[in-house]
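Letters A, B, C, D, E and F name the chains as they come in the text, with residue numbers starting at 1 for each one.
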Amino acid sequence: MSIASEPTAVPRSFYRDPAVLERELGEVFGRSWLFVAHESEIPQVGDYVTRSMGGDPVIVSRTQGDGVRVMLNSCTHRGTQVCKVSHGNTTTFRCGYHGWVFGTDGDLKGVPGRRALYGPDFDLSRLGLRQARTEVLHGLIFATWDPDAPDLMTSLGEFGWYLDAFFGLFPGGMEVYGGMHRVNVRGNWKIHAENFSGDGYHLQVAHRTMFELGVMGDQAGAVEGFVVNDPNGHCLRSQYLADEGVPATVFGYEDELIEKALAAADPEVRRFREKTTVIHGLVYPNLLLITTAPRYFGTDADGSVAFTQLRVLTPIDQHHHEVAYWSLVPRDASPEWKAKSYLYVTRQHGAASYFEADDLENFRRIDAGLGAVAGARTPYNYELGVGAAESGPPPWRGPGRIVRQDFTEANQRTFVGRYLEQMGERA
Amino acid sequence: MSIASEPTAVPRSFYRDPAVLERELGEVFGRSWLFVAHESEIPQVGDYVTRSMGGDPVIVSRTQGDGVRVMLNSCTHRGTQVCKVSHGNTTTFRCGYHGWVFGTDGDLKGVPGRRALYGPDFDLSRLGLRQARTEVLHGLIFATWDPDAPDLMTSLGEFGWYLDAFFGLFPGGMEVYGGMHRVNVRGNWKIHAENFSGDGYHLQVAHRTMFELGVMGDQAGAVEGFVVNDPNGHCLRSQYLADEGVPATVFGYEDELIEKALAAADPEVRRFREKTTVIHGLVYPNLLLITTAPRYFGTDADGSVAFTQLRVLTPIDQHHHEVAYWSLVPRDASPEWKAKSYLYVTRQHGAASYFEADDLENFRRIDAGLGAVAGARTPYNYELGVGAAESGPPPWRGPGRIVRQDFTEANQRTFVGRYLEQMGERA
Amino acid sequence: MSIASEPTAVPRSFYRDPAVLERELGEVFGRSWLFVAHESEIPQVGDYVTRSMGGDPVIVSRTQGDGVRVMLNSCTHRGTQVCKVSHGNTTTFRCGYHGWVFGTDGDLKGVPGRRALYGPDFDLSRLGLRQARTEVLHGLIFATWDPDAPDLMTSLGEFGWYLDAFFGLFPGGMEVYGGMHRVNVRGNWKIHAENFSGDGYHLQVAHRTMFELGVMGDQAGAVEGFVVNDPNGHCLRSQYLADEGVPATVFGYEDELIEKALAAADPEVRRFREKTTVIHGLVYPNLLLITTAPRYFGTDADGSVAFTQLRVLTPIDQHHHEVAYWSLVPRDASPEWKAKSYLYVTRQHGAASYFEADDLENFRRIDAGLGAVAGARTPYNYELGVGAAESGPPPWRGPGRIVRQDFTEANQRTFVGRYLEQMGERA
Amino acid sequence: MRAEIEDFLVHEADLLDSGRYADWLDLLHEDFLYRVPVPLAREDPTQSPYDDVLEFANESKSFLEMRFRRIASDFAWAERPAAMVRHFVSNFRITPEGGDVEAYAVRTNVMVVRARLPEVPVIATAGRHDRIVRQDGVLLLASRVVHLDAEVPTESQLGVIF
Amino acid sequence: MRAEIEDFLVHEADLLDSGRYADWLDLLHEDFLYRVPVPLAREDPTQSPYDDVLEFANESKSFLEMRFRRIASDFAWAERPAAMVRHFVSNFRITPEGGDVEAYAVRTNVMVVRARLPEVPVIATAGRHDRIVRQDGVLLLASRVVHLDAEVPTESQLGVIF
Amino acid sequence: MRAEIEDFLVHEADLLDSGRYADWLDLLHEDFLYRVPVPLAREDPTQSPYDDVLEFANESKSFLEMRFRRIASDFAWAERPAAMVRHFVSNFRITPEGGDVEAYAVRTNVMVVRARLPEVPVIATAGRHDRIVRQDGVLLLASRVVHLDAEVPTESQLGVIF
C-alpha cells in the first residue's frame, strides 16, 4: 500500500478552529448514522433516555407498538427542552413554558386553549418533535438527521459482518448493564476516535504500567494482530494469541454460556472470536467499542472476566469532548458475572481508572501541543505500517480491507480519509 | 390578520452565533434609544451611576444647570474607565492611568503638564468623554449613539401614550426605590425580551404554582386581556378583570394617593388603568416593564400592594444576558408603603424569587434546546392568535395596533419583525 | 515632529476581536525575533526549560557542543508534548504516547519497532522536532519561526547599542537569579507592551503612592529623561538625575563591582548609565526590560539596591495575557547582594507587588472600557509630546531616534507604527 | 456550647442540602427573617459595600413555607429536576449577646455548591451573620443576613438559601 | 472522640495531599471499599440522584495498592508531573453505630482542588459517607462512599481520591 | 489550646477580610515574614514543586506596614473600589514545637475568595505553614509560608494575603 494513495493528514487548524467544529456538526455529525442508545436501556413502553447527536439534544423513547423514536429535545413552539432528565418512564412530554404536550412518539398531542387561541384550522400534525431517521442493529439504536443518507446497513458496508461478530455472538443477545455515564475530557474528539480506530502501537508505551502490574494476563504473551477497515471510515483492530499452548476460546465468560454461543456461531465468527484477546474499533464517526478480558484487578477481582464497552464522543468545543460510556453484558449471563464484568470494566476502562488516565493524558498533551504558527507547519505523521511487511493470514476469513499488521496506521488513515472526504477537503 | 404579512421567525442560529451578537450590538443597540437610568437615581448635582448601553459602559451624571449627561466610561487618552464604581457623587472623574480629569459633563478639564507636554495648541475640547444623545421622559433617561436616529418621541411612536399612562399616572411622579441591581442569567437576551413583550400564554403553565399558592389573588379570577404594539417594536399587554363585582380602581395603592391620581388623570388613561390587574410590556429593544398588585406573600405581606418594576437586558454573550432590576414607587406614597411595595416586588419578581425562577428556568431550557443541525431546521412557531377570534373592544380607547386577544403572539411577531428589520434580514 | 507623519491609533477592535489575535500570532509573533530564555537558565548540557513563542510551546535546551536549541514542544508523530515540565536536565525527550525518542537537539533518535513497523526506508531525519532559528546576544536567547526574517542584529537595528549598554555593562556578564515565573493578567498584551515602551507619563499618577512612601528615593528628585526608538519598533526610556549634587554613578551595586564595570565600559555607555535612575524599554514586540535602584522597602530592605527585570508578554486571548518575569544580576556580584536584588525586585515589580498592582489595575480598566459601538468611534490619543518643546541634549551620545522629552508618546507611536505595518494595516 | 452551636449550624445546612425543608423550618424562630442585601462597589473603602435598602432576598418564615410548599408541587419547573446543593460552613465566630435571653451572634463563612444536573456545579460564597436564640431549651435560628461575595450573581447562585 | 475522628480525617487527607500513599493505606481496614456512584438527574425529587449500579469508581484496598504501585512507576504518564491535590474537609457529622464493635458513621463535605501544573487548578466538591472503626485501639477507615456534585465531571475532577 | 489556636487564625482571617489592617499587624511578631514560593512542575514526583528561590511574595512586617499605609491613600488605584476578600480556613494541623518557648507549627488549608466589584469573584486555594508563638501571654504569628495551588496564578489571586 503506498502512502500516495492515502489522504494527507488533517491540518492542525482542524483541532483549533471553532469554525471547523461548526462545519463538523453539519457535515460529519449531521450526515452520519450516530449511535444514541441500546434497546435494553428503554425496555418498557414509555421508557426514555436523553442523549446528544453531535450538537443536537435528543430523546430516545420506546413507543406504543414497541417502536423506538429518536427526536429533537426541543419544543416546536419556542424551543424549550421538553425533557430535562437523564432517563425515566412517561406517557407524555409536557413543555414547561406554555404547556404543549407531546407523545412519547413525538406527536403534538395537546396545546392549551388550542381551538380558542389557534383557531379551528390549526394543524398539530405539522408540529411534532423533529424526528431523526432511526434503525436498530443487534439492539444498537442508530439515528441520522440526513434524509438522503443511505440506510444503516449500506453505510456500515462490509463492517456489518464485524458488528454481527461483536454483538451477535450470544444467542440471547446483549444488554446494557446499569446505564450510561459521561465525562468531559480535554482534547479534540478526533484524537480519541483515531486512538480507538486501531492504535495498538501506543499500548506498550502509554499503558506500560498495565503490563508491569500484570493486569493484561495472557495479553502480555505472544500476540499477533490485524486491522480491518471499510472506506466508509469504520475500523477495527483484533489482537489474538499466537501461543498454541492456550486453549481456543473466548476468555472471561461463564463456560456454559460461551460454549453454547460458540456452538451456535457461524464458523468464521467463531474463529474470529476464539483466542482473541482484545478487539477494539470505531463505527464512524464517533462510536467506539472494545472487548477484552483482564486477568487481575485486586484480590476481589482475580481471574479473567470479559467486558464489552461502548463509547460515544460528542464535541463540546474544539478543545474538549464528552465521552459517554456503556457496559454491555450477555443477557443470559448470571447476575454475579454481570456485576463482576462491570467491576472489571470500571477498574480498567472506567472514567476514573488509571488505564484510562494514560490515554486522557495523551489527548490533553496533544491539545497542549497544537501550537499556532509552527504547529500549522508540522503535520501529523501517518506512515506506520506503510512499506512494512505483513504477517501471515488471520486465522479467520472476514470481509473488508484486512491489513495483516498489528501495529499500523492503516485504520487511522481510513478514518482521516473519510473525515476529509465528508468535510469536502478531498476531491 | 394573516401570518403571511408577518415576519418569519428569527433563525435559531441568531441565538447561537457570536457574529450575530456583534451585529446586534451595532445594528440594534447602536441605533436604538436605550433606557439607562431614572432621574431620581441622580437627584443632586454631581450624582452619577454607571450603566451599560449594550456593549458600551457609560456614566449617567447630573451636571450643573440640572442637565443629565450620558457618556462613554472610557478615557479619551488610552481608554481607561474613568469611573469604577456603581454610584456616587463627585465633581470630577479622574483617570487613574495618567490623571486626565473630566467634568461631570464629560468635558476634559485638565491634563497633567498640559502646556509643557502637549504644547500651546493642544485643544482639550476635542477630547471630552464621548457623549450619547440623551432625552428624558417621565424621569426615564434614554440615550442613543445614533446621530441620525429620530428623536425619542418619534421613535416611541404611538407607544408614548402608554408610557404616559404607565409612568404619568401620579401627579407627583414616580421615583426609584433604593436603586438598581443586576443578575446574570442563561439564555439569549431576545428570549427574555419576547417574554415580556406580551407572553400571557405562559402564565397558567410556567407560573401555575403562583396560582396554587394564592399569590395572584383577584388575578386568578375571570380576566380578559389585550395586547398593543407599535411598528417600532414596542409592545404592551394589559390584563384586566371581567368580573363586575370588583370595584373599579387601580389595586394596591394607598387610597388617598390613587384617588387623587385617578381624579386628575385623563379619562381614557383612567379607564385604561382601572381594574387592570397586570400590565407588562417592552420598550424596544431591551426595556421591560411590569406593574401589578399581588395579594399575599406571607403573614408579613398580606393584602394587595402594587409594584412597578423596570428591567434592562444587556447581552453578555449569545447564551447569557444581564438583567438589571429597578423598582418604581409614587414619589408621594408613604415611606411604609414604599418599603412594602419593594418587599412585594422582591418576593414576586426579585432575582431570587421563585416566580422569577420559573421564567429563568424556561430561558435556560430554550438555550439548552437550541441544537445545531436539527435545531436549525426547526423554526420557532409564532401562530398564537392567528386566525383566532378577537374579543369585544377594550374598556378604553388608546392608540397603536390593538389586538383584542389576551393570549396571542401578535406582540412577539412585532418584536421579531422590528428586530429582523434592524438586522437587515427583511426587505 | 508632526502627527501627520505618525501612524493613526490601533483600532479598538484590535483589542477585542479574536480574529485579530489569530492574525497577530501569524504576522507579529510568527515573524519577529522572540526572547525565550537566558543562557544562564540552562548552564549544563541537557538542561532545558519550556517556554512559549506566542501560540507555540517550545523547548529551549543546551545540547552537546554547547549549542542552544529552540524547538516546538510537539511530537512529529501525533503532536503530543514531549516535555511536560517547566525545567530540568535530560538526555532525551520521550513521547508518552507511542514512545518516539528525541535528542536534546530535537533529532528523532528512536522509534519503537522502527525497522519492522516503518520499513527499512523510513527516514528519521525528516521527523526531528521543528526547529526555530536561534541567536544569542549577551546571553539572551532569541528565536524566530520566520526563515526570511533578517538576522537578529539587523532586526535590532540601532537598538543593539542600547542592549549592549543594558546587558553588557558588567565584564562578567549577567545571569538569571532563580529562574522565571509567570502570571495571567487581564488586558490585551499590546497595552502592557506600550506601557513599557516609554510611558513615563503615568508614573506620577498611577504610582503616586510609591513616591508618597519614599520608595523611589532619589528618583523623586529633579529628573530629566529621554526616549529612544528604532523604526523596527524597539523603544527605550532613560530617566536621570538633573541634580548636580548627586555623585555620578550607577546606583545600587556593590562599589567594587560597579567601579570595575564603569572603568571598563565604553565612555558613551558609561555616560549613558551614570546617574540614570531608571531605564525601561521594549524589544519589539514582547520583551520588556527595566532597571532601577529603589531606596526603601521596609527595615529589612533599606538602602538603594539595583535590580534588572525582564518580562515577556504572551497573549492568552484578546482580553488576557501571560506575563513571564525574570530577574537578572551581575554574575560577579556577591550571593548576599543577589538575594537582596531579588528581594527588591519582588517587592517593587513582583507579580504580587502593589507597584505592579497599580499598572495591572489600569490594564484591566482599559479592557473594561473598550466598549463596542461608541468605543469603536473613540480612538486612543497619541499626541503626548507632539508640538511640545524638547529639552537640552542628553549627557551621552547614542544611536537611534532620540527624542529629548521625558514625557512623550514618541515611543508608543513607534510601537503602534511598527505593529500596524506588520499587520498590513499601513501602506 | 461552642460545639453545640457548630453542630446546630452543620445540622441546619444538612437539612437544606438533603431537602428536609419541614425539619429545617422547625429550626427557625417564628420571627425569623432571611435577608440578602445587594453588594455594590463604592468609592470609599470605609463604606460597606452592602446596600441598606436593595436586597436580593427578604424572606420571612411564612414566606419560606410558601417557597417549600411550591417545591413540593409538580409544577415547580425550576425544581424539576431538583438542584443538588451542598453547604461548606467554616470560620465560626460565636459571640454571646449577654442579654437575659440566651442568644448568640454567630458569624460564619459559607461556600454553597449548586448543581442542576447535568449542568456543571456553580459555586457561591458569602459571609453569614446569624442570630441564634435558645427557646424552651432548644436552639433556634432567629435571623440570618447573607453578605454575598458577588455584585452580579448568576441565577444559579441566587437559587439557594445560604 | 469528636476531636479524634476529626483529626483522623484531617490527617488522612494530609497523607493523600502529600503523596504518602503507603501511610494512607495503613489507615484502611482490610475490607475497605471506595465507591463513587454516578449522579443522574431524575424527575422525581424524592429519588436519590445517585445511581445504585453505575459508578465512576469502585476500588478495594488491594486495587488501591495497585494504583499506588503504578504511580511509583516512571511510566505513569498521567502522574508525570504529579498533580497537586488539596482536600478541604468540613461539616463533620459523626454518629456512633452503637453496635458491639466501636464504629462510627461519619459524614463530611469535601472540596478537592487538583492542579496539574502549569494548568489552572480544578475544583470538585462532594459529600462523603465514611465508616470508621476502631481495631486494636486504632481508628481505621472501613468504607467511603462519595456523592459527587457533578453528573458529567471532568477527567481532572475524577483524577483524585475524595 | 487547640481551640485557642483555631480561634486565633479565624480571628486573624476576619481582620484581613474586614480591612482592619492595624489590628492584623498587631497579631504579627516583630520578625514576621510572609513568603509565597513559586510552584513549578517537576518531572520527579519526589521533588517539591515549590521553588527554593523564586517567590511571588516576600513581605516583612515593616513592608506590610507600607502596604497598608498605601491602601489608606486615595491613590491606591488597585484598592478603589476595595476588593471584597473572604478566607475559608480548614484542616487545622497543630504541632507543638516542644522547645522552651511556647511555639506551634500550624498547618491549614485555605481558600480565599476575592471580588473586585462588579467583576465575578476569583477563588484561590493554598496550604499554609504558620509558626505561632506565645509572647507575654498572647499568641503571635511568627511566620507564614503559602503553598499556592497554581503555577500561573492570576493577578487577582495574588492580590490577597493568604
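The rule is simple: a contact is a pair of C-beta atoms (placed from the backbone, for glycine too) under 8 Å apart; a residue touches a chain by one contact, two chains touch by 3 or more.
This is a predicted model, so every value here is computed, not measured.
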item	value
Touch-network distance, chain E to chain F, counted in steps	1
Contact-graph separation of chain D and chain F, given in steps at minimum	1
Longest centre-to-centre distance from chain E, chain (CA-based)	B
Homomeric contact chain D-chain E: same or different residue positions, threshold half	different
Where chain B and chain C are represented by their mean Cα positions, the distance between them in whole Å	49
Length of the line joining the C-alpha centres of chain A and chain D, rounded to whole Å	45
Whole-Å gap separating chain C and chain F, where each centre is the average of the chain's CA atoms	31
Where chain A touches two or more other chains, by residue	84-86, 96, 182, 205-206, 358, 361-362
For chain D, residues contacting two or more additional chains	40-43, 77, 80-81, 88, 90, 111, 117-118, 123, 151-152
Pairs of chains in contact (touch as defined earlier), listed by label	A-B, A-C, A-D, A-E, B-C, B-D, B-F, C-E, C-F, D-E, D-F, E-F
Residues of chain F that touch chain D when the two form their complex	3, 10-11, 13-14, 17, 19, 71, 79-82, 84, 86-90, 111, 113, 115-118, 120-121, 123
Chain B to chain C touching residues, read off their complex	22, 25-26, 29-30, 53-58, 72-81, 84, 95-99, 112-113, 116-122, 127, 130, 132, 145
Touching residues on chain C, where the partner in the complex is chain B	12, 191, 201-202, 204-206, 361-362, 365-366, 368-375, 377-378, 380-381, 383-389, 405, 407-408
Complex contact set, residues of chain D against chain B	36, 38, 40-43, 51, 53-63, 65-67, 69-70, 73, 75-78, 151-155, 158-159
Residues of chain A that touch chain E when the two form their complex	84-88, 90, 177-186, 205-206, 208-209, 212-213, 215, 297-301, 322, 342-343, 346-347, 350-354, 356-358, 360-362, 364
